[in-house]
Amino acid sequence: MNIILKKIKIETKPICDLIDITKDVKNALAETKLKDGIVCIHIPGSTASISTIEFEPGLVKTDVKQLMEQLIPYDRDYAHHQTWNDKNGAGHLRSFLLKTSLTIPFTNSELILGTWQQIVFIEFDEKPRSRTIYCQFIGK
Amino acid sequence: MNIILKKIKIETKPICDLIDITKDVKNALAETKLKDGIVCIHIPGSTASISTIEFEPGLVKTDVKQLMEQLIPYDRDYAHHQTWNDKNGAGHLRSFLLKTSLTIPFTNSELILGTWQQIVFIEFDEKPRSRTIYCQFIGK
Amino acid sequence: MNIILKKIKIETKPICDLIDITKDVKNALAETKLKDGIVCIHIPGSTASISTIEFEPGLVKTDVKQLMEQLIPYDRDYAHHQTWNDKNGAGHLRSFLLKTSLTIPFTNSELILGTWQQIVFIEFDEKPRSRTIYCQFIGK
């Protein structure tokens, strides 16, 4: 049994930017040489999330953006804005709702994912960011 | 320390079908003979989710269906439908929001769950499906 | 590799009470003397959740409460209320949506968290509760 931490660095765009990180996580898993276990994929921060989706343009460029805007509109006057004088209250709420970590099992050195299931990072902040995603692998 | 993968096979109904898989996960845990650890319960795919709920008819047959329909209506014209000419855009968005995996600890060979807390699979696709849920146990 | 279970006991207020448990989880990690691994933070029950947020008054006292009330209003007549004659149907649905567990990695004996990211317990039940949160640490 071993524990191996891998980092994925990405550059993001603001508000609701989905980035497919499946290949990065697969490459990290290959580097660990682990065969069976789990990986906890986590973004430290309070304005981003990790989830999975079929990464096709309809969902990624239109549907998810409309969903998040409908559930938690960005241009609303949140109480959070009075604390720091910024405008990313919706980004914090979206991250709170979708959460910053996701745990996925792997077996025979392969992530257990559906054929059309990709792992995505979602940027919810109001500005472009340089982000470091942490993948904690536990396995053997 | 050991890692043991168990599979649970279920048949589902479309749109918003909740299935109580608590007994299946408990049986799988018993088969592993592990005493202490965690289990990552994961459905590979992009139109289903895993969560927990008190599995009683009011919540399962009415309230959850109404909630999901209110947050992400099924009969809306999602951009996703133009990609594959299917009608399950809402299923993808619901799975994205609720996520496909859940990690639960166990101790003394028992899952740590509330008295009225059951583990549920939720089918969000537009057609009945045969699903395989993966339970990755890590423990000793 | 080791597995160590720690408990955090808290007293909560009803409906939508956010409690910062970051220090408790950090203290528990320190007690384990583990350096690298993951912690699965889990509340057994069906009317509460675990997530992360920037724990500042605007978000905690106003924005999250308004969000949850908008997504899942508390004073609606849910089918769940007919089962037990209680009024906490919204609490169950909120817990179902936000889930009861969160897994976070740690390295060099420190939780991997953003500068403004705190771990929060959220009470969604209709009455004050005494709650025990379980932290299952796996690491070395």
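Lettered A, B and C in written order, each chain numbered from 1.
Criterion: a residue touches a chain if its C-beta (ideal position, glycine included) is under 8 Å from a C-beta of that chain, and two chains touch if they have at least 3 such contacts.
Keep in mind it's a predicted model, so treat the numbers as computed, not measured.
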Rotation angle, chain A onto chain B: superpose the C-alpha atoms of these two copies and give the value as a multiple of 5 degrees.
120
Would the interface of chain B with chain C count as same or different, where same needs over half of all numbers used to appear in both copies?
different
Taking the mean of the CA coordinates per chain, how far is chain B from chain C in Å?
20
If a residue has to touch 2 or more other chains to count, which residues of chain A qualify?
1, 71, 97, 99, 103, 138
Okay, in this complex, where on chain C does chain B touch?
1, 3, 5, 40, 42-46, 71-72, 78-84, 89, 92-93, 95-97, 99-101, 103, 134, 136, 138
Which residues, counting only chain A, touch chain B once they are in their complex?
1, 36-38, 51-54, 56-59, 61-64, 67, 71, 97-99, 102-105, 107, 112-114, 116-117, 138-140
